[in-house]
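Some structures to go through are shown next.
Each of the next two complexes has chain A plus one other chain: chain B in the first, chain C in the second.
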Partner chain A sequence: MNTSRTDVLVIGAGPAGLAAARAARARGASVTMLDSSDQLGGQFWRHLPPERPSANERMLHHGWVKFRELSETVLSDDGCRVIRGAQVWAIEPDSTSAGAAHLAVHVVVGEPDGTGRRRLVLTPDAIVLATGAHDRTLPFPGWDLPGVFTGGAAQALAKGERLAVGQRVVVSGAGPFLLPVAASLANTGSDVVGVYEANRVPALVRGWLPKPWELAGAAGKGTELAGYLAGHLRHRIPYRLGRAVVAAHGTDRVEAVTIAAVTPDWAPIPGTKQRIEVDAVCVSHGFTPRLELAIAAGCELTAERFVQVDDSQHTNVHGVFAAGEITGIGGVDLALAEGQIAGHAAAGGLAADTEVRSAVRRRRTFRGFARRIEAAHGIRDGWPAMLTDDTIVCRCEEVSYGTLCRATDATGSRSLRALKLSTRAGLGICQGRICGRTIEALLADRVGDAGLTDGVSTDRRPIAAPIRLGELADPAHPDPASQHPVPLKGPK
Partner chain B sequence: MASSVLIVGAGIIGAACARALAMAGFDVTVVDRGTVAGGTSSACEGNLLVSDKGPGHELVLAQYATSLWKQTVSDLTEQLGDAFPSVEYDPKGGLVVATTGSGAQALLDFAASQRGAGVDARVIEPDEARRLEPDLGPLAEAAVHYPEDAQVQPAIATEALIASARRFGARVLENTPVLGPVHDSSGVLIGIGSPAGHIRAERILIAAGPWSGEVARMLGAPLPVRPRRGELLVTTRMRHRIFHKVYDADYVGAVGSDDSALQTSSVVESTASGTVLIGSSRQQVGFDSRMRVDALSGIAAKAIRLFPFLADAAVMRSYGGFRPFMPDHLPVIGEDPRMPGLWHATGHEGAGIGLSLATAELIRDLMLGADPAIDAAPFSVGRASLASHLSAAAGDAVASNAAPRDAVA
Partner chain C sequence: MTSRILPFQNDPIKPTAPAPVTITVDGVPATGAMGQSLAGVILASGTLRFRRTSVHGAPRGVFCGIGVCYDCLVEVNGQRDVRACQRRARDGDAVVTQHDELPAAPAGDAA
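After this line comes the complex of A and B, so read on.
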């Protein structure tokens, strides 16, 4: 048994995870990388399956060459074990673990819908969490109609299946992500009728212009956005500021949307409504970091609710590092830089080492960029004015805005936990991944001054992915490749 | 002027006491260091059970509580109106199933003793059990049906009791921790210190669940209440296939156990929303709230023994809480003879939701000087079974107060 090598576990094979795996290998660590998907690349580099290769991937993906280089390095390296279709469903402290991180990482491996998934327990010396983010979409009347997609879902269909979500499509929300969404829709043959960014010129100027010299290093990013904008011009897609889709209409699926001008706070302005016939809508208001594994591992969060890390991407938990969108929404270039530093440090390196000097520089540049995106495109407080009494807020449990309001008014409760239990909002199959932060915001707004006071957050999910009772009851299998075989605890 | 009571704790016990006392004309203030239903009352199953209790004082209290729930729910609904979320009271009945031969005999003996104490405990054939629960597995050796068992949504029940208490005049101060006692010049307890200043009352009632030991020690009357961790699983929604509260017979043994090591036993039921709730573990790990995979695995394995179809059901959530455990397995209800003016309503372990209404009636009658409907002496602080534990708790308190100052800081 070789115990001299550090056993590094990388969770997530998007840009941050891939960069971390390669950097940890470069320092001689033994690496295991897990991803729930059957592909590498994460949401950002989602692509056609290998049996249907396309020469166009390069056209559709920013940094496709980088992806090919990273994934080929990782896959051709015997010291890097890649386990696809691996769902981490729990992380628990394990003081008896032989791995130096003293955490047990519980995994099920196999098709999510299939039978016979294997249970695995990993006890690494160090963990790099690179779990990424999912779409944040604010509710509006009709957003639960078929034909309304999140920007991420539309991107996934376009990149992973080459499917267009509709013939006549509008894109609405806030943030630079609207541009690549519109670009991929146009590339897959949709007629993009318009892109509606809720923020206005002053907000964009405030976010983008205060220190333009900071952007010099982010030239690559500028090029990415410039490319999307050029695509828009080529496809003649109108880009409108200070407007939003405030309602979607239709019986069985979306047939039209109402667009309205919105105030700087995002409240619809009366008398500005305009109806447009469409057969699909793509909405994106930003991203929510996937924090459940970090929370389970005991990581502290920042006031903005991202994982708190130091210069080495080290969290407050010994042996646990974090990189990519869970430390702040910053895009692919920041994720690559953070991942490289995290992987290097997880394998025993320091942020001051020459191997990561360029990554540290890129991290500084792109963090500035991320702050500007938040300042320019962040969610404003006036959006609940779009909601009507019967607008569904929690889609899993079909809880309406009116139900939430009545429950808070009737109980006088200031406890998020009790209000969720009273209304069932956020308790459905997605466990608040779609609606959690929206529910927190709406309830806090409704209960008034002091807001919710129980300190509960919808980010905590001790069971991080659904697991069948039969799988749970089955004893876990020891990790055959582990340097630290552990006696496993079966059910009593 | 109305006699004043300060209740520490806005869980279901504090809420039920607040309502009963406010209705009886007391001037009631409830303080909680967090929010209403912020602790055990929103982290449990909402059991209203007689089935898990053998003949004895706790069963008498449970039977008394059972007699109160139906009417109370109807009163709450009438008072709070349709806009208030439903407390989901469901007198669905319990079904206890033994899956081994030795377990079967123990269950039948236990049910016979309960019938002697007035519990409706109907021994049924395994075939009859499968008629009540068509998806029950093949392992059923014996089964007992308890029509009196019921369920509520515990967080909403707590909110409803507090809302009702407010309408009868009670004040509720959330985010208001107890910082210490307030005494008069002769050393008599006359209130508590809080971040909002002194709050005075003629009587102080500790109803802080598993945290009651901490509050009691701070006020100078240590009580041996300890947390006992429990964890539950929630499946995704499914077709309604489980119609009663269904238990493995060894649940009864786990409830009465003193063992601090992990124990699991199976309690399976459907909820109004279509999920299946599967409990539960019992483990003494202090206030450590981390999820434990071995506990969940044990719960899952036992649930599948009862209902094999559950093997394919997906668990989407787990939650856990702390039961207020008493070393002699009885709640403490009444005035503390060591400190006049200090009262307790705590230590209900896993039965607090069900026992809350009966506990509140006892507290009200004792405070009014009226004769309670059942004998309150077995729940008194001065009972014989608690004496040795009280002196041990007092010793612990002295030891911790004597700790070096910088260790405390």
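After this line comes the complex of A and C, so read on.
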């Protein structure tokens, strides 16, 4: 053990971050936990604000008791400092830092997108990255109309505000997440006209059936999904396979959608279109991990583009650990197990220690579950057949599919960077978070067999969140609680 | 019909009666429940369009709902480019929807 306590910084207060904070504290580390929101729980446990107490909020959540237990533990612990409204906007190497991780973490603290937020620089001994994921939504004609939401938006507004995004709603896309989205909508007063899962029975069977014994330990997961299905039956929500929303219609807002049958690789089948009047549509095709801080810290990624970790959830960067959806989309149980192991290891423990034996076992079980989800529900290659020439693919810069194709053909370029610069796709204010991987896929498809050749990706964002120039000009405050005071200076 | 907050009397989670919060959207008053985001209050007031885009002047509203897409940007009390889904509504907040037109082409530029 070190003579001084290890300073562990946990970024993200969702399931993985909460579990990491508690485990690091259990091993005696001093913990700071940051979250950009003013609440704990992340997106999974998004809940009502303190101004709106209710007797039975747990019925909206899976694992609510676990959340209450974790959050009460960290909030009542003087050795765990929780900073809410804390947006990390850069991480950079700092060889002069007193913290053993030799990284400087730049933070602004205050009202979201406010002016005059307080700047803070943290230099911890170890970092646990638990930044989570957001919806991946593929483009289709009309997806930029008001009234088209991601599944995550519908969830956040239902669970966090008791707001139903529409009265007559369809849910479409792929993956088990469609079920809780539909359940939340129905619980909040929407008429869910239907849930349309693009994959078909053979894909679902291939993904879910092999090696059923692996699922034995995932009984809790089965209960979670069974609960959503029971809700479907209760609310009589139709669940259709091999179908998708292929267009949204309206002038100033969504008024209707077109549903079509799709092939096993998700291309719409001619002659199967059906128009349905709706006032909202929720679309989600999976999740994209939030990797920018991991990349800024120097973490290597896997071939599937998640953060590469070892048995201790340690990345290739000394002192930097990762847990939850950024190491693979696996859901709450996997995030809790990984978070616990990461927090324990960040505080100097080992994956072989008895304190984390159960977490290591759960991690093995639920990783198997994550592989099944990908096999059953993963994005298939035929989806660009939904696009028309004028379908917007980059929402921020309003770049259409046709523009993207013509620029690629006209320039003959096979460089992602060059094509982004010539079309501006992926260069808007969301920094390619919504369209980045879509743009990569469409361009790779367009340039043909040789593929894109410059080896860059849209995941890199050195400035991890927009920051106002006035805030940037203000000097950073040293961290008053740190054992390692830092000199006042901006990023290099 | 459009987005709607579930009346607390009908909510199976048995909430207490929420305290109201009142903001204005382009000068028109909108009332929601204390603790709601600006996005939630604006949506529940019947407005889906939060801004118009620069290139096509197209309507945009809440899309991701979790602070990732920046499509719900509004001006709040004179402060521009605030993600309405990330900011909690406070009594008296004056929200103005945004439309940032592209700058005029410089003289002599054929484009």
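The rule we apply is simple: the second predicted complex is superposed on the first by the 484 of 492 C-alpha atoms of A that agree within 3 Å, B and C clash if a C-alpha of one lies under 4 Å from a C-alpha of the other, contacts with A are read in each partner's own complex, and residues count from 1 in each chain.
One rule holds in what follows: a contact is a pair of C-beta atoms (placed from the backbone, for glycine too) under 8 Å apart; a residue touches a chain by one contact, two chains touch by 3 or more.
Please read these numbers as outputs of a predicted model, since none were measured by experiment.
In the superposed model, A:Ile429 lies in contact with both chain B and chain C.
When the two structures are aligned on the shared chain, A:Val165 is found in touch with chain C, with no touch to chain B. Within the superposed three-chain model, A:Asp135 lies in touch with chain C and out of touch with chain B [touch as defined at top].
Once chain A of one complex is fitted onto chain A of the other, the partner contacts of A:Ala473 are limited to chain B, with no touch recorded for chain C. Applying the stated contact rule after C-alpha superposition, one finds that A:Leu421 touches chain B and leaves chain C untouched. By the touch criterion stated above, A:Ala407 is placed in contact with chain B alone, chain C being left untouched.
Contacts of A:Ser36 after superposition on the shared chain: chain C is touched, whereas chain B is not. In the superposed model, A:Ala183 makes contact with neither chain B nor chain C. More residues of chain A are in touch with C than with the other of chain B and chain C.
The interface of chain A with chain B overlaps its interface with chain C at residues 397, 428-429, 466. The residues of chain C lying in touch with chain A in their complex are 1-6, 8, 10-16, 18-19, 33-37, 39-40, 43-44, 48-50, 53-56, 58-71, 73, 79, 81-83, 85-88. Against chain A, the residues of chain B that register as touching in their complex are 34-38, 42, 80-81, 83-85, 153, 155-156, 158-159, 163, 166, 174-175, 233, 235-237, 262-264, 273, 278, 290-294, 296-298, 300-301, 303-304, 310-319. By the touch criterion stated above, chain A contacts chain C in their complex at residues 36-38, 43, 48-57, 59-60, 111-115, 134-135, 144-150, 152-157, 160-168, 187-189, 252-253, 279-280, 395-398, 428-430, 433-434, 466.
Interface residues of chain A facing chain B in the complex, by the touch rule stated above, are 90, 92-93, 104, 106, 296, 397, 406-407, 409-415, 417-418, 421-424, 427-429, 431, 450, 453-455, 461-463, 466-470, 472-473, 475, 489-492.
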